[in-house]
Structures are given as structure tokens and as C-alpha cells.
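Both of the next two complexes hold chain A, though its partner changes from chain B to chain C.
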Partner chain A sequence: MSHRRRGVLIAGALAAVTCQIVVTYVPGPPQPLIGTITQSLVGLSFLAAGIAAWVRWPASRLGLLFTITGYLWLLPNLGHLPYALPFTIGNLAAPLYEAALAHLALAWPTGRLRSRFEVGVVVANYTWNIGQSFISMFFWNPQTNCGPSCPANLLMIHGSQAAENALGVISIPVGLALTVTVLALIVRHWQTARGWTRRAMVPLLWIAPAICALSAVQTVAQNTSLPLFTSTTAGNILYGYLPLILLAGPALFVAGTLLARTARGAVGTAIVDLEPGAPPGQLRDTLARALGDSTLQLAFREPDGSGYLDTAGRPVDPDRPEPGRIVTPLPGRDGAAPADTVLVHDGGLEHEPQLVRLTAAAASMALEHARLQAEVQAQLEQVRASRARIVEAGDAARRRIERDLHDGAQQRLVTLALALGMARSQVAGSDPDLAALLEGATKEAREAIAELRELARGIHPAVLTETGLPGAIQALVERSPVATTVSAVPACRFPAPIEATAYFVVSEALANVAKHAPAATAQVAVRQSAERIVVEITDDGPGGARPDSGSGLRGLADRVASVGGALQIDSAIGGGTRLRAEIPCQ
Partner chain B sequence: MASSPAVLVVDDHDGFRAFARTMLEAAGFAVTEAASGAEAAATARIIRPQLVLLDIQLPDFDGFEVARRLALQEHRPVIVLTSTREASDYGGLIMSSPAAGFLPKDELTGPALHGFLAAGRAGGPI
Partner chain C sequence: MSVSVSAAAPLRVVIAEDAVLLREGLSRLLGDAGLEVAGAAGDAERLLQLVGVLRPDVVLADIRMPPTQTTEGLQAARQIRQRWPGTAVVVLSQYVETEQLFDLLADDPRGVGYVLKERVADVAQFTSAIRRVAAGESVIDPEVVARLVARPRRDSPLQTLTEREQEVLALMAEGRSNQAIAGQLWMSPKTVETHVGSIFSKLGLAPDAGDHRRVLAVLAFLRQ
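Right after this comes the complex of A and B.
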């Protein structure tokens, strides 16, 4: 809304207030206090709601309708002035606000009437109210009630109580019929509304019957001379207290505003609460719940660009949304058009662009988050696989080197040692010096064989390839200087990287015990469950081992992680050490 | 010695086989050679050796499998497994095989084999 329009509206509201004050305090027939209070409260609250609605929903006519209703409500106050012209205008305009109210209710919550029929109903309401008022003014002589001090009715042609009564007989059914029609249309709006509009219709559904009932009672009271309605008390109730329920009209605006504010908060909270990487279907459900729009659709452009599908797999055409639905493209990463993702939501949100923008941004963020997470997950998966491959390739290379040593150098050294030994025994009797020399050479060759054997075993334990875990662990235990017991080890074979990992865990653990607590005793246990093997080595040494204290345990943890397992070290000082590796075995 | 005890040397390394032949013949054994597990089983069936010196690492079956097959034969020889590796490199496999024992290759001597042969005879079928 421009500053100028806002200025005009505020000036108008001020004028209305001035008018209200003037007519309240000018000399004339005394007014009951409640009447004055109700007049002011209702009128000014409609004007205030009008200005606020104009500011909040500049594209909607609701602001205008609230404002017009406020002015039409205040206009009859002119009838309190002791001058013929304002008196006549004020009385003539008395029933007009009802038509404006009906107009406002039928246009809620978008500000637009939904059909030609409804336009007809609204026009009929205005026409009937002003027309009926005009005609009754022709026959109303105010001075028959309040005497000659009353201002003249400028429209009066012929004062006739009989004519007024006859008009009243027609007014009741027509007035009631119009009221019932409006109420029925409101109920129908609620019934047919979906999503956001339905939610926004709920407060109106509570307010409208009360206001329609008031209008009906007032119609009957004005057009009959039943004693029930003629007392001062009845007048105070009918025109003083009961109309206070009209304050519910501006409250409707407040409810609408609160609804949007609550929804904005709910969208924010929902996005925060949404679990990271939630699938789009869950995102849609979360947004739909937060917005109170169960019809909300989140649709994605198909990879081939042929169309859009929502999260339930239904096709969506963003260029031709169903009636009453609005398509909002989600802000894309590179602002590409057409958007990759669109929100399809209820048309009632049209006047809450901020809420829609927030929702779209939140959805976009959540989707981007999910996408990035999937990307990171995929990369992580690749890194994991590549790490496993590297470790596996390393293992294979070590196996090959061990095999080559065994088949090549070791074999030759063995034959050499045997030959030297044999040569020595052949010359033992004839040439003691040569025999001693050959003895020394044999010893050297044997030592070389032993060293080479140890080296080969360190590169890769042949026993693991040959026998799997039971034999390999048994061999480790037998070679270890630490007194170690082995409880059951699964006899079945596992994939080579799994066996190698389990073996190195036991090997490293026993080496650590031998190094730091040679006097301790240790237990080795390997258990197998459906999906993993658990290798556990405990000792009763001094404890105090820390995963970060040396490269051995850290390297071991890396090795276990390379096959998707986890290494756990419990080593309280004085409480022994427990090394536990869980290794997936499938 | 009434006759030379027949020994079958099973190894895929020609050098080792040749050397073992020299050494064992010098120690009074009648030596036959086989270069694979299948050849060993077939030869044993014909020559019925008293002792088989069986390398664990063979190109077709491993020594344990050959030992199992030999043990099933009607004439059951004393089987001595051998390897450049140590016995502990084979875990409990040696203990659970029908072999009479294990001799590291670099410790091969005629008397060692005679020892196995004597123990095998004294203990009867193993």
C-alpha cells in the first residue's frame, strides 16, 4: 500500500473518530452509555482491522471491506445530530453495514467472491438494505415519536405508520431469507474448502451464526411492534450489548494473522525437527502439517524434463494447476527455470506470500541438505570401499612376497644348508679344517633361513592362509612369551581381509602384552554372531594403554575400520587391558 | 640291513629332490621321486614305500591332502611332512593329519628319517 493511501485511510479513521465524538456529545435525545460504547468499539475496531489488513494483505480486498464496514457502521451516528440532512442520511444508512458484513464474510479469506451467484447475493443484500431503508423513510415521520424537537426526515413523502407496518411485514421474510442464504453459503464455503482455506474458514464458522442470529432478531424487532422489543432494556440489549459480538469481525482478521504467524513458526520448527536427510515424502508431510494444508504437494521435475511428479508419484502440471491451487517454484541452486521442484498448495495462501516464501525456502533448504548428505554419504562410501581395496591389495601383495620368499630364496638356502652339511660330513674324517669351515657355513645358512622365515612370517603369516583363524591364533599364542589361553575360535573360514584383520588384532595385542606386561596372563576369545565376529583379548597386566599412545593401536584401529569394524580399548590403570574388535564378517 | 627301505620324496623343487636323493641314498634308502600330489599317490600305490617325505607346498594338492590319500591306501607308509616353513606355521594341521611327524627341510638327514621309520614300526600303524 502506498504512503498516500495509508495516509488517506488514517485520516479517514481520524475523521470517523471525530465524527463519533461529535455525535456522541452534541445536544439531542439522550443515548444510553452502552450504545455509545458499542458504537465506538465496533466501528473503530473494524477501521483498525481494515488498515491493518490493508497493510498485511495489500493485494487483497479484505482491508477495503473491513474499512467500508467500519465506515458504514459509524455512518448512522449522523442521525444523532439535530440537523435534518445528517439526521436523514444517518437514518437512511442505518442497515447498510449488514450488507457490508455479509460481503466481507462471503469474501473471506481471500477477499474475492467465489461465483456470480455470490456476487448476486451481495448485490441483492446492498440493494435490499438501501432500498428498504429508502422506502421506509418515505413514510417515517420521526416527530410522531420524539416530538417537534426531532429533526425533519428530508425523504418523508407521507408519514404513515400503516405503510411502515406493511413494509415491515415484507421486510422480515426477505431480510431473514438473505441472512439464511449468506449463512448457508458460508457453511458451504467451509465444507468445500481444503487445506489452508478450510483452516482459515474455521473462525468464521463460529462467528457467522452468531452475527446472523443477531441480524435476524434485529430485523424482526425493527419490523414488528411486539412488546418484547419495545422496552428500554430490550433496546439496550438489542442495540447496545448484543452488537458487541460484531467485535468478532475484526477478531477474524487477528485470527487470520495469528494463523499465518503460527504457521510460520511451525514451518521453522518443523524444518529444525526434520531428521537430516529425510526423504521428500517426509518433508512434504512435515510441511503439510506445519501449514495445516493437507493438500500440499511437493513435485519434482522428472530427470528427462518431461513433467513433474509429486511425492506420491502423481503427475503435476505446474502450468495448469487445479482451480483454487497455486504453484510456487522452489528457489533453485542456480536460479534455473523451470524450477526443479515446485510446491502446489491451497489458493488461500495467496495472501500470505511471506509464509509461502518461507515454506519454499525451508523446503529448498531441507532438500539441498538431503542432497548434500546423500552426496557426502556416497563419497564416504567410495572412500570406505577404496580404503578396503587398498588394504586388501596390500594384504595380497604381502601374501605374494611371503610365497615368493618361501618358494625362492628360502628353498635355495635350505638346499644350500643341506649341501654344506653333507659336504661337512663327507670331509669330517679327512680334513678337519675344511669340516670346521663347512660347519660354520652350515650354521650361517641355517641362521639365514631362520631370519628369512621370521621375516616372511612378519610379512604375512602363512598359517593364516593355510588354516584360517584357529591355527593362526594358536600359532601366535604358542610363539608368544605371554601365558595365553584361547577360548573357542570359529572353525569356519572368513574372507581373507576379515581373517587378516582379526589375526592382526590378536597379534598386536599379544605383542603389546609381551612388551608392556610380560608377566601377565592373557585370554584370547573369538566369537561369531550372525553378522560379525568379535575378537577380544584381555590381560591382567597394569593397564593404562591408550589408543593414541602409539602408532600400533592407532594403526590397528585403522585396520579394523578398513573392513567396517570398530576397535574398543578398555585399559584402566591397574585394571588390566581389554581390546575388543567387532568386525563385520559378511 | 636286510634291504634298503624305500622312500618316496615328494617335492616340486627339482633341486631339493635331487639333493634329497643323494643324501638319502647315501644313508641307505632306496629313493623314488614325485613332483606333485597326484604323482605321489600314484607312485606310492606301485612302489609301496615304507616312508614318504612329503613337502606340504605342492602345485596340485597340499601335503595334508596327499597324506590323507596315502593313509587310505592299503599299504600305509610312514609319512613325514616337510617344509621350509616351521611346524608352527601350520597350526594344528600337522597334528591332525595322519603323518607321523614333521621335519623342517633344513634339518633333513638320513638318521632323522631312520628315526621316523623306527618309531613308525614300533608304534605300528599310525
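Right after this comes the complex of A and C.
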């Protein structure tokens, strides 16, 4: 809002207040106190709401409408001045605020009328109120009502009580018809509204009928001379107390503001509560709930750039939104246009750009968070997969080396030992020196074979590849220098990395027992549940093993983690050691 | 059991070994030792064909052979024992694994041998093993037995055996008959029988197990 406009508004309000004070204190026809208070309270609160609405919703006409209603409400006070001109103007303007109120209600909450018909209704309302007031003034002689002290009615052509009465008879149905039309339109607005607008319409649904009822009763009271309405008490109630209902008008503005403020808080809270990496559908639902706009759509540009789809898979055209919908692009990562993601929301939110910006920023942040999380997740998956591949490649290399040793060096050594054995049996008896030499050579060859066998075994046990876990673990236990028992090992085969991991867990654990607690006994148990195998090695040694002591256990933990498993070590001092590996076997 | 050993005719052997040099070496070794090498195969499939045609007395088979280089020899050995009970089988292994051993012995330990490949370096011992298997005995490589006997144990009835009984036990586990044990340990067969009875009662094994079943019973006990 420009400074000039603000200046005009404030000056107008000051003028109205001054006018009100003058009207109250200038001597004239006596006024009931309650009437004065109500007049001032209602009028000034509309003016205040008008200024506030103008400040808050500068693009909307609501501020203007509130202000106009406030002025039109206060204008009739001129009728209390003891001079002919203000008296005439004041009385002429008496019913005008009703048209302004109807205008405000029909324009709520955007400040715009929705159709030509409604423009017609509003124009008809203003026209009827002014016209009826003019015609009525033509025939009204103030002296007949308020006595000779009243100023003159400058518009009076011919004072006629009969004409006034006739006009009253017409006024009642026309006024009622206009009121009912306005009410019906308001109800229809509420019915067709969705999302934010519908919520903003709710308070109006309560206020409008009350004000219409008041207006109807006042119309009837003015245009008929029923004894019920002629007493002072009735006057005080009708014009003093009941019009306090009109304070609900400015309350509408307050409600609208509160709605936005609540929504702002809710959006902030919702985004904090939103679980990280929630899918876009969930994000939309959360934002829609927090914002109070059930129609909120979160639409993403399709990868081929052909269009936008919302989270429910419906196509969205950001350039041509449906009537009453507004498109807000989300702040992009690189400010690229067109935006990758847009919010499509109810038109009622257009006067809350801050709220929309906040929502867009929250959505953008949540999506960015989800994207980063997905990226990290993908990277983690890649790292996991590559770690598994590295371990698998290592296993494959070990298997290959073992096979090469078996097919190459070991076979050759066996062939050599065979040849030496045959040579020895040929020279036996004939050349004792040569026989002894050959004997020594055979022994060397046999030891080389035995050493190579243990080496190859250590690199990769052929029995694991050939028969699986039971034979391989049995072999470990038979070779262990520690008294070890095995409980059932599942006989079925598992993928090679799983078997190798389980095998190395047992192997490393038994080696540790042999190293740190040679006098202990150990138990090896391998159990299989639906999705995992649990390898457990317990000993009754001194305990006190720490996962971070030495690279053996840490390497083992890495190895188990490479297939998505977990290694757990319980080793209280004096309580033995339990090594437990859970390995997914799918 | 229909293994027949005639003093006149030499034992007829079929060799299955994929390493050519070793296969030829084995042929010569066995030939020199007075056995007749009736045929030689480089893989299990060829071995089964040869056995079907030649009906040898003994088959000498490497465990790891093409195509998968895992336990082809073992599978072939079991098939041979089932289809041609007159043919004994000695399986040669690079590694001695009790899992394979039990696979081989489980059906019927008679006429089956499981020895380390490097035993070929001792011609006499090696040919003796072949002859024993051909005669219907079981031959278990001493390395396996030694390892099983030497395993550390706690609260085991094995610890109550005397040294002599332990020696008898090891020889039983190698598949030796009472006769052979008596010869090896310089005892009378009667003494061996006494030791065997004592061992069985100390270990809680069924005493009625004959020579051929007792090797399994003893091995299973040692393996526990």
C-alpha cells in the first residue's frame, strides 16, 4: 500500500471519528446513549478492519469494502445535526450501508464478485436502497414524526403519510427478496467452494443470516406501525442493541487473519513432523491438512518435459489452471524456468502470499530433503553393492588360487613324489646311498605336499565349495586345537558369499579361542531362521575380548557387514566369550 | 560281497585321474607292482563306461575331476559300488575331509578306500592299500584317523582308554581287521579281541558290530 493511500485512509478515519464526536456532542434531537455507543462502535470497527485489511491484503478490495461500509454506516449520523442539509443527507443515506454489507458478503473472501449476475444483484441493491430512500424522502415531512424542532427535509416535494405507507408496503417484499437472494448466493458460494475458500466461508454462514434477519426486522418495523415496534424499549433494542451483531463483520476479517496465522504455524509444525524422505503423496497430504486447503495439488514436471502430473497422477497445466485455482511454482534448485514442481491451490489463498510462499518453501525443502536422502540412500546402496562385490571378488580369487594350486603345484608334487617313490623301489637293495637320498627327497616332497595342502586350505577350503557349511565347519572343528563341539548345522546350501562369511566367522572365532583361551572349550552352533542364519561361537574362557582389539574381529565385522549381516560380541571379563553373527541368507 | 582274489591272476585296475602325467605315473607304478591296469579315464563319465565294460577288480579314482572339479570321483565311486558290487574303489584325495569320507562309507564301508594322494610316494604302502580294498576291507587314510584321535577333548570316555587301547582304536578306525591289528601290534588275536571288547564297553558302543560296521561306529564316535 502506498503512503498516499495510507494517508488518505487514516485521514478519512480521523474525519469520521471527528464527525462522530461532533454529532454526539452537538445539541440536537435527544439520542439514546446505547444508540450512540453502538453507532460509534460498529462504524469505527469497520473502518479499523478496512485499514487493517488494506494493509494485510493490499491486492484485495476487501479493505475498500470494509471502509466504505464503515463510512456508509456512520453517514446517517449527520441526520442528528440540527441543520437541514446534513439532516437531509443523513436521512437519505440511512439504508445505504445495507447494500455495502451485501456487497462485502458476496465478495468474501477474495474481494471479487463471482459472476455478472452477482454484479447485477449488488448494483440492484445499491440502486434500490438509494432509490427507495430518495422516493421516501420526497414524501417525508419530518415535522409529522419528530416535531417542529426537526430541521427541514430539503428533498420533500409533498409531505404525505399515505404515500409513505404505500411505499412501505412495496418496500417490504422487494427488500426481503433482495435479502433472500443475497443469502441464497452466500449459501451457494459455500456449497461450491472447496479447500481454503470453503473454510473462509464458514464464519460468514453464521453472520449473514443474523444480519439479514436484523435488516428484515428493521424494514418491517420502519414500514409498518405495529404497536410492538413503537415503544422506546423496542427502539433501543432494534437500533441500539441488535445492531451490535454487525461487529461480526470486522470479526470476519479477524477470523480470516487467524485462519492464515494458524495455517502458517501448522505448515511449519507439519514440515518438522514430516518423516524424512516421505513420498510426495504424503507430503501433499500433510501440507493440505496443515494449510486447510484440501484441494492442494503438488505437481511435478514429467521427465520428458511434456507436462505436469500431480501426486494422484492427474495432469496439471500450470499455464492454464482451472478457474478459482492458482499455480505457485516451487523455488527450484537452480532457479530454472519452468519450475520442476508447482503447487496448485485454491484461489482464496491469493491474499496470503506469505502463507503460500511458506508452503512452497516447506514443500521445496521437504522434496529436496527427500531427494538428498534418496541420493545418499542410492550411494549407500552402491557402496554396499560394491563392498559385496569386492568381497565376492576376493572370494573368487581365493577359490581360483586354491584351484590353481590343486591343479598345478600340488599335482606336480604328487607326480614328483610318485616318481621318487618308484625310483626308490627300483634302487632298493642295489644302491643304499642312492636309496637313502631318494628316501630323503620323498620325505621332502611329502612335506611340501602337506604344507601346500594346509596353505591351499587356508586360502579357500575346497570342502566349503564342495559340500557346504556342515563339512567345512566340521573340518574346522576337527582341526581346532581347542576342545570344540558342534550343534546342528543346516545341511542346505546358501549363496557362496553367505557360506564363506559364516565359515570365516567360525574360523576366526576358533582361532581367537585357540590364541587367547587355549584351555577353554568352545561350542559352535549354526541355526537357520526364515531369513537369516545365526552363527554363534561360545567359549568358557576368561572373556574380556573387545571388538576393537586387533584387526581380526574388526575385519570379521566388516566381512559380515558386507553381506548385510551384523556381528555381536559379548565378552564380560570372567564370563567367557560369545560371538554371534546374524547373516541374511536370501 | 563277491570280490574274488585269485593268486594266479593279477588284480585288474582302472585308473581315473585327469592329470595326464600323474595318470601315466600311476599306470607304471601299478604295472611295476604286478597289478594289471585295464584302463585309464580322464573324467568320471569315461570311468563309469570303462567300469561297465571292463569290470575291473579295483578302481582308483581322483576325487576332483572335470567338469566341475569338485567331487565327481566321490559320486562315481558310490555309483560303482552300487551298480557293480564286485568292483572295489579307492578314492584319492588332495585334502582329507571327514565329510567326504562319511559320504563314501555311509552305504557300505566294505571294498572302499579313502587315501591321501601323496601316499603314492610309498609304493608298498600304496599297493597294499589297493590290495586290501580289493579284498573287501575298508582303508581309511591314517592322517584322518590321527587327526580325529588327537583332537582335544574334555570329559570324553576316550581319555579312559589305555595307550594300548588307543593304538588298537586307531587301527580299527583305519579299517584294519583284528588279524591285521594283531600282526601290526605284535599281539595275539585273542589279546586284540580283549582290547576291542574293553574299548567298546568304555566308549559305550554296541559290541556286536562286525569288522566292517565297526569302522563306521568308531569313526563316528571320534568325529563327535
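Just so it is clear, the second predicted complex is superposed on the first by the 535 of 586 C-alpha atoms of A that agree within 3 Å, B and C clash if a C-alpha of one lies under 4 Å from a C-alpha of the other, contacts with A are read in each partner's own complex, and residues count from 1 in each chain.
We adopt the following convention: a residue touches a chain if its C-beta (ideal position, glycine included) is under 8 Å from a C-beta of that chain, and two chains touch if they have at least 3 such contacts.
As the structure is a prediction and not an experimental result, all values here were calculated from the model.
Contacts of A:Gly471 after superposition: both chain B and chain C are touched. Of the two partner chains placed by superposition, only chain C is touched by A:Thr521; chain B is not. By the touch criterion stated above, A:Arg457 is placed in contact with chain B and with chain C alike.
Once the two complexes are laid over each other on the shared chain, residue contacts for A:Pro481 go to chain C alone; chain B is not touched. Contacts of A:Arg112 after superposition: neither chain B nor chain C is touched. The partner of chain A that touches more of its residues, comparing chain B with chain C, is C.
Contacts of A:Arg194 after superposition on the shared chain: neither chain B nor chain C is touched.
Residue contacts after overlaying the shared chain place A:Ala419 against chain B and chain C alike.
In the superposition on chain A, A:Arg554 contacts neither chain B nor chain C. Shared interface residues of chain A, touching chain B in one complex and chain C in the other, are 406-407, 410-415, 417-419, 421-422, 445-446, 449, 453, 456-457, 461-463, 466-467, 470-472, 474-475, 478-479. Taken together, the chain C residues at the contact with chain A in this complex read 19, 21-22, 25-26, 28-29, 32, 64, 69-71, 94-95, 97-100, 103, 117-118, 120-124, 126, 147-148, 151-154, 223-224.
Within the complex formed with chain A, the chain B residues making contact are 13, 15-16, 19-20, 22-23, 26, 57, 62, 84-86, 88-93, 105-106, 108-109.
Interface of chain A with chain B (complex): residues 406-407, 410-415, 417-419, 421-422, 445-446, 449, 453, 456-457, 461-463, 466-467, 470-472, 474-475, 478-479. Of all the residues in chain A, the ones that touch chain C in their complex are 403, 406-407, 410-415, 417-422, 424-425, 442, 445-446, 449-450, 453, 456-457, 461-463, 465-467, 470-472, 474-475, 478-483, 485, 521.
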